[in-house]
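Look for chain A in each of the two complexes below; its partner is chain B in the first and chain C in the second.
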Partner chain A sequence: MNKLGYALRRNPAAAVGLVALAAWVVLALVGPSVLRFSHTAMDMESQLSAPGLNGHALGTDALGRDILSRIVYGSRSILSVALLTSLFSSVAGVALGFSAGYFGGKIDAAFMRFLDILMAIPPLVLSMVVLGALGDSSVGALTLIVSIAYTPATARVARSALLSCKSLEYVDAARLRGESHAYIMFVEILPNAIGPILVEVTARFAYSIMMIASLGFLGVGLQPPTPDWGMMVIENKTVIREAPWAVLYPSLAIASLVIAVSLISDFLAKALIHDE
Partner chain B sequence: MTNKPLLSVRNLGVRFPSPDGEVVAVRDLSFDLGRRETLGVIGESGCGKSTLSYAIMDYLSAGARRSGAVLFKGQDLLLKSEREMREIRGNRIAMVYQNPYSALNPSLTIGEQLDEVSRAHRNLGKDEAREASLTTLRELSLGDPEGVARRYPHQISGGIQQRVCIAMALLCRPDIMILDEPTTALDVTTEAVILDIVAGLKERYDMSMIYISHDIGIVNKVSDRVAVMYRGEIVEHGPQERIYERPEHPYTRALINCMPRAGVKKELTALNTIPGYVKRRSADEEGCPFAERCVKRSPGCEDDYGLAELEPGHFAACGRAYADERPWTREAEAAARATGAVPEIAGAEVREATSDENGPEPLLSLRGVGKFYRNQKKTVRALDGVDFELFKDDVLGVVGESGCGKSTAGHVIAGLAAADRGAILFDGGEIAGSWQRRDRRALREVQLIFQNPGRSLNPSFSVQAILERPLKKLLGVKDPAERRRRAVEMLRKVDLGEEYLSRRPRRLSGGEKQRVALARAFLSSPKLLVCDEATSALDVSVQASVLNLLNELQAESGASYLFISHDLNVVNYVSDHVLVMYLGRVCEYGRRDEVVTPPYHPYTEALLSAAPEVDPARRDKPIRLKGSPPDPTRPIRGCPFAGRCHKKIGPICDETPPPRLALSATHHIYCHLPPEGLQGAVRL
Partner chain C sequence: MASLVLKKLGGMALTLVAMSLVIFMLVELIPGDAAQRILGQSATPEAVASLREAMGLDDPALARYARWAGGVLRGDLGESAYMRGVRIADIFWRRVGASITLAAASFLIFVPLSIVFGVLAGIRAGKLSDSIISFFGLATMALPEFVSGILLMALFSVRLKLLPIASMIPMGESLWQNLEILVLPALSVTFVMFGYVSRMQRSAMIGVMKSDYVRAAVLKGLPRRRVIFRHALKNALLPTVTVIGMNMGWLFGGLIVVETLFGYPGLGSLTLSAVKTLDLPLIEACVLFITAVYVISTTATDLLYGFLNPRIRFSGGAYE
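Moving on, here comes the complex of A and B:
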């Protein structure tokens, strides 16, 4: 912990990222209970009211819904979906990448070619098509499909992290002790390969936020009434001249969260990979 | 002196910033380098040898601060700008590094890289540059310079690569050439060839050299004067013979004595060791840097300290330690040595030779073992029909150049890879090939020690976890308290305390790591310990203490060792029997004294001749092998060594496999020559 404090003081950017992310998490957890307006309540008196008017700190949209409430509610869904996707894709990626790299040979070739095929389809296109075809954009479906779309990249990172440790003699020593493959992969190698994998998890977290926002923007993300930042941008696109805040604040929310997570990811990369 | 110094280093200091305050890498260092003189610099790793050379060349990292003066032809290099230094680097002072492969550009041919030097530094034209490159390569006894110039670095062997690097340094006709451990990454036979070349360079090219090495045997071969560095200071320097014969500083003496050398065998003596390890030096530390580890420490060590000329040309930072032995005479020293040991080791523990009289019992027998690695269409025959025996309570040393199959043999025996042919008999029965098919008992009884302890201990685990895992897995010790007790007990046996349990490998020194690895291996009471270059990655003083420990553990446990090493001096020290391998086959096998004395296999003779001899008086007529081992993918009909053999008889060597020639009940050789032809020194 002391070391972390020292490292953060030397990397003010990472500290900024950490503070911003913490602020979003706190807001998502306690925000809804202290807000004045519900995220679905339509204030018919003040549609498209400017920030600060009628008690709407960030203004309202065309239906008179409070932008601040919608952003805070939206942070709940986007944070939880992004967290789950980055975790699922990492777990699946580590399992696939580790088995491919560890067993090598034909298993490696088969796994990696399969992942290559998956990778050839851009994640956004893949998610859009599948979600569109399913016609179901629940939190579960969204999490699942984005996780699948991101697994190949994570698997590649995990595989190369494993390969850099696999030829080291402590692995041979474990074999000569009669350890199982799972023990060697996950107890002997994983702790030493964790750096790049953690960096990948945080990077995937940032990508997931963008992906979910993009899917919302394209209309296949989370469906109303769940507020979604990407959807808020597209909904209010038509009133951008009259009420630029309705587009600006959700966009800023997306940007601030992505930047915060990316700064943390860069910091981890520096601390866990390059400083070894 | 008529020989006015070419390079004169005065009170040079180098400091690096670090989180725990400034660290002194080089401190108050002064020496002169005359024209056509070679200065050898020795010391353990971390003593500032390389930093010294980087300080001269101004190659230090950004945070480093230099003080003092480096006078080259009267000009202070420390005051030169980067632009002026560029004129001097390469042109006037050239450098050759340890690893030739990373010093060469892999995407350019050797010719292009060499030509570039002459064109950039000497403004030669294209054809002139190529002519100069080829001439220089030819002068370094490369047989086919045109062929080498056409190739890329990965297509030529390490020895030739290093000669190319030396050629590159020579092309500018520098005044000084700095060589930083240029042969450490090479095989002994190649090393011997490079050293011969280096020794002749200064006369031929009228230049001076600084030769940095950790190995006093190597330094003795090429140097006129030797400087001994310890923790950033020169503690002693003087003429090469004097440093070896009459070291004045206790560190020099300890360093020389801890190297295994011809005539020093485990039955006679334990190796001298230096307690403690090389610590970093902080800026405010005063007094003798060696005081803490010195056996001759006295209250005056803090202040009565500084280089003094004890005899003409011989300076030492400590005049007191061995003052009572002065005046020194060669006769007295020779008499002392003739008794079997230099004074330091005289009191050491004497171990009984293993008695083989009543017929030794074999623990391990290899019968026609073959191991082939196939890739694409080629097959590398790493082991090709190897037979040998390892007896109970015995140490079998395995030597040979890299690629001779000694490590493969170790891995096959330890179970990391299964043999493709033949059988391995262990303790009365055949043992399964690979680890997957070996039972717990077999895994327990055969243990492997790796070359690099930093890589064989998992950096994420504490020493406790590292030691307790085999107890649980191989011995089935269920009780955690019992596991801990046995781990501590084993740590004590390798001279480490209980406090090490909680440490991670990265907080251990190289020697401590190898001790932990040894503890891990001995926990399961193995009958056979395969040591694959177990001491090669360690500093000489640490190597000595680990070798002593290995001997103690063997005497205590009665385990047998298969001791694989490229270092003949080390093998000669620890082994009872010796196996010499070449290209996946056995050349010679026998009791140690039979193998290292004539008659011997021509390859053994060449290896012995190439081994750097610590004692300069013991140099004799060298035998140098030409070229490198042949392509292991090509099937060989006759003797694998025929192509490089200095005693080759004729076509029979190429066409017929050499017969097994028994020279005694315990000693055999694979060679076509009659025993009379296998005498050393007598050239046929």
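Moving on, here comes the complex of A and C:
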């Protein structure tokens, strides 16, 4: 941990990312209780009002809804769904990738072949088709589908993390002690292979934010009345000339959040993988 | 080498067949009756039953797969379920052509750009210019395509009024008469790809500059410029070629977002409208094409890598 703190001081970009992410989390947690406007109320008096007018700090959209409120509420859904998908896909990836890599041989070969096939369908295309076909983009469905779409990639990372320390002495020692396979995989190997996996979880978090925003943009993500940043962009694209703020602020929200998480994951990759 | 090529091509064919099965099964899982969907909720059960019969929906799944796959091999992608009477092949390839043009335009911008800046960052590693390029690469890579697209649109179309806001082709005109519509979509793709490729190029360059043979060349007293261009660059380009090839399939997936943002009439926007209208045969055709691009470009990259790397070319293909 000390090492991380030292590295963080030497990497100001990562510190900026950490502060930005913390700011978004705080905003998502306490923001809604201090907002002046509801995120769904349509103010018919002030449609497309510019930032600062009529008390709307970031302006309103074509329906007169407050952009700031929608962004703050949107941060809740995107942060929670992205966090869940990155955790679920990583847990599933570790379970599958570890089993394949640990047992090796034919199981592993068949598994890798299967992953190759699944990875040929881009995750965005897979999620879009399945969500569109289901016609259900509830938080649960979205989380489940995106997690599944990301699992082949996380399984690959987990597998190679396991392979890098599978043949070490402490693994043989545990085997001679007669420990179970599950014990060796998750108690002996996992803590030693945690670096690349942690990096993968944070990178996956960034990817998930991009994916959920993109799905919202394509109209197959979270459905109204849940405000979604990607959806806000496509909804207001037609008024980009009259009210550029209505698309720019949600875009900047996405940009700041993903860049913040990417800076952190980049930093973790440098600190946990490349140094060792 | 020849046996290696055959092996790779055989593996590719097998993957494509497995792919088509996965896609077929995926579409099979879509709930609801395809015939009912075409005829609408008000259709009589008899009408639905006779359409099911005509479409062969009552046949076993394997027979339907065989019929579909056989059709695809003959170039027959079937009939659209949403636009009645439209053969998919009649609209499909024009859209694919438009997407390939867009991909090629992006390619022409991002490949030289990211290689030049990646090399620059690599040979100046740790300096200010490297930090700026690296941060820019990370930031652009982190932006979803529609965010960079919106930012470009707000700047070039709304503020500067230089480029069209939508990338539609006017009726009766061809893409070639409207090349300016390609610029913003291609730049949006460039934003994302620049991050991946320049970062890869940077780290490859750093690795090569530290290698013994480059240090030997420097110690021999060769001018730095000559060492970089004659000795280092050639080897540092190898990983970049791989990352570009591996990302071609990804690029086609990303086009869905870019084409939707700009209303560009390519394969991506066709895929989205197929999903929105639940046009199953069209979904199958689009997804199969996108995955085929991925599989073929991955195999081609693999082969190209082997060809470019003499250690593999002469060892008879024992590489992994």
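The criterion applied here is as follows: the second predicted complex is superposed on the first by the 272 of 276 C-alpha atoms of A that agree within 3 Å, B and C clash if a C-alpha of one lies under 4 Å from a C-alpha of the other, contacts with A are read in each partner's own complex, and residues count from 1 in each chain.
Going forward, contacts are C-beta pairs under 8 Å (C-beta built on N, C-alpha and C of every residue); 3 or more make two chains touch, one makes a residue touch a chain.
All values derive from a computational prediction rather than experimental measurement.
A.B. asks: Considering only touches as defined above, state whether A:109 meets chain B (first), chain C (second), both or neither.
C.D. replies: It touches nothing on chain B or chain C.
A.B. asks: Have a look at where A:273 lands relative to chain B and chain C in the superposition and call it first, second, both or neither.
C.D. replies: So A:273 meets neither chain B nor chain C here.
A.B. asks: State whether A:192 touches chain B only (first), chain C only (second), both chains, or neither.
C.D. replies: first
A.B. asks: Is A:173 in contact with chain B, with chain C, with both, or with neither (first, second, both, neither)?
C.D. replies: The answer is first: A:173 touches chain B but not chain C.
A.B. asks: Which one hits more chain A residues, chain B or chain C?
C.D. replies: C
A.B. asks: Based on the superposed arrangement, let me know which partner A:30 touches: chain B (first), chain C (second), both, or neither?
C.D. replies: Neither chain B nor chain C is touched by A:30.
A.B. asks: Examine A:22 and indicate which partner it touches, taking first as chain B and second as chain C; both and neither are also allowed.
C.D. replies: Neither partner.
A.B. asks: Let me check the overlay on chain A: which residues of chain A are in contact with chain B and also with chain C?
C.D. replies: none
A.B. asks: Per the contact definition, I'd like the list of chain C residues that touch chain A in the complex.
C.D. replies: On the chain C side, the touching residues are 15, 18-19, 22-23, 26-27, 29-31, 135, 138-139, 141-147, 150-151, 153-154, 157-158, 165, 249-250, 252-254, 256-257, 260-261, 271-272, 275-276, 278, 283, 287, 290-291, 294-295, 298.
A.B. asks: Considering only the defined contacts, which chain A positions touch chain C in the complex?
C.D. replies: The contact residues of chain A facing chain C are 13, 116-118, 120-126, 128-130, 132-134, 206, 210, 213-214, 217-220, 230, 233-234, 237, 240-241, 244, 247-248, 251, 254-255, 258-259, 261-263, 266.
A.B. asks: Which of the residues in chain B end up touching chain A in this complex?
C.D. replies: My answer: residues 414-416, 435, 438, 440, 443, 447-448, 450, 452, 455-460, 469-470, 473-474, 520.
A.B. asks: Under the touch definition given earlier, write down the residues of chain A that touch chain B in their complex.
C.D. replies: Those residues of chain A that touch chain B are 168-170, 172-179, 188, 191-192.
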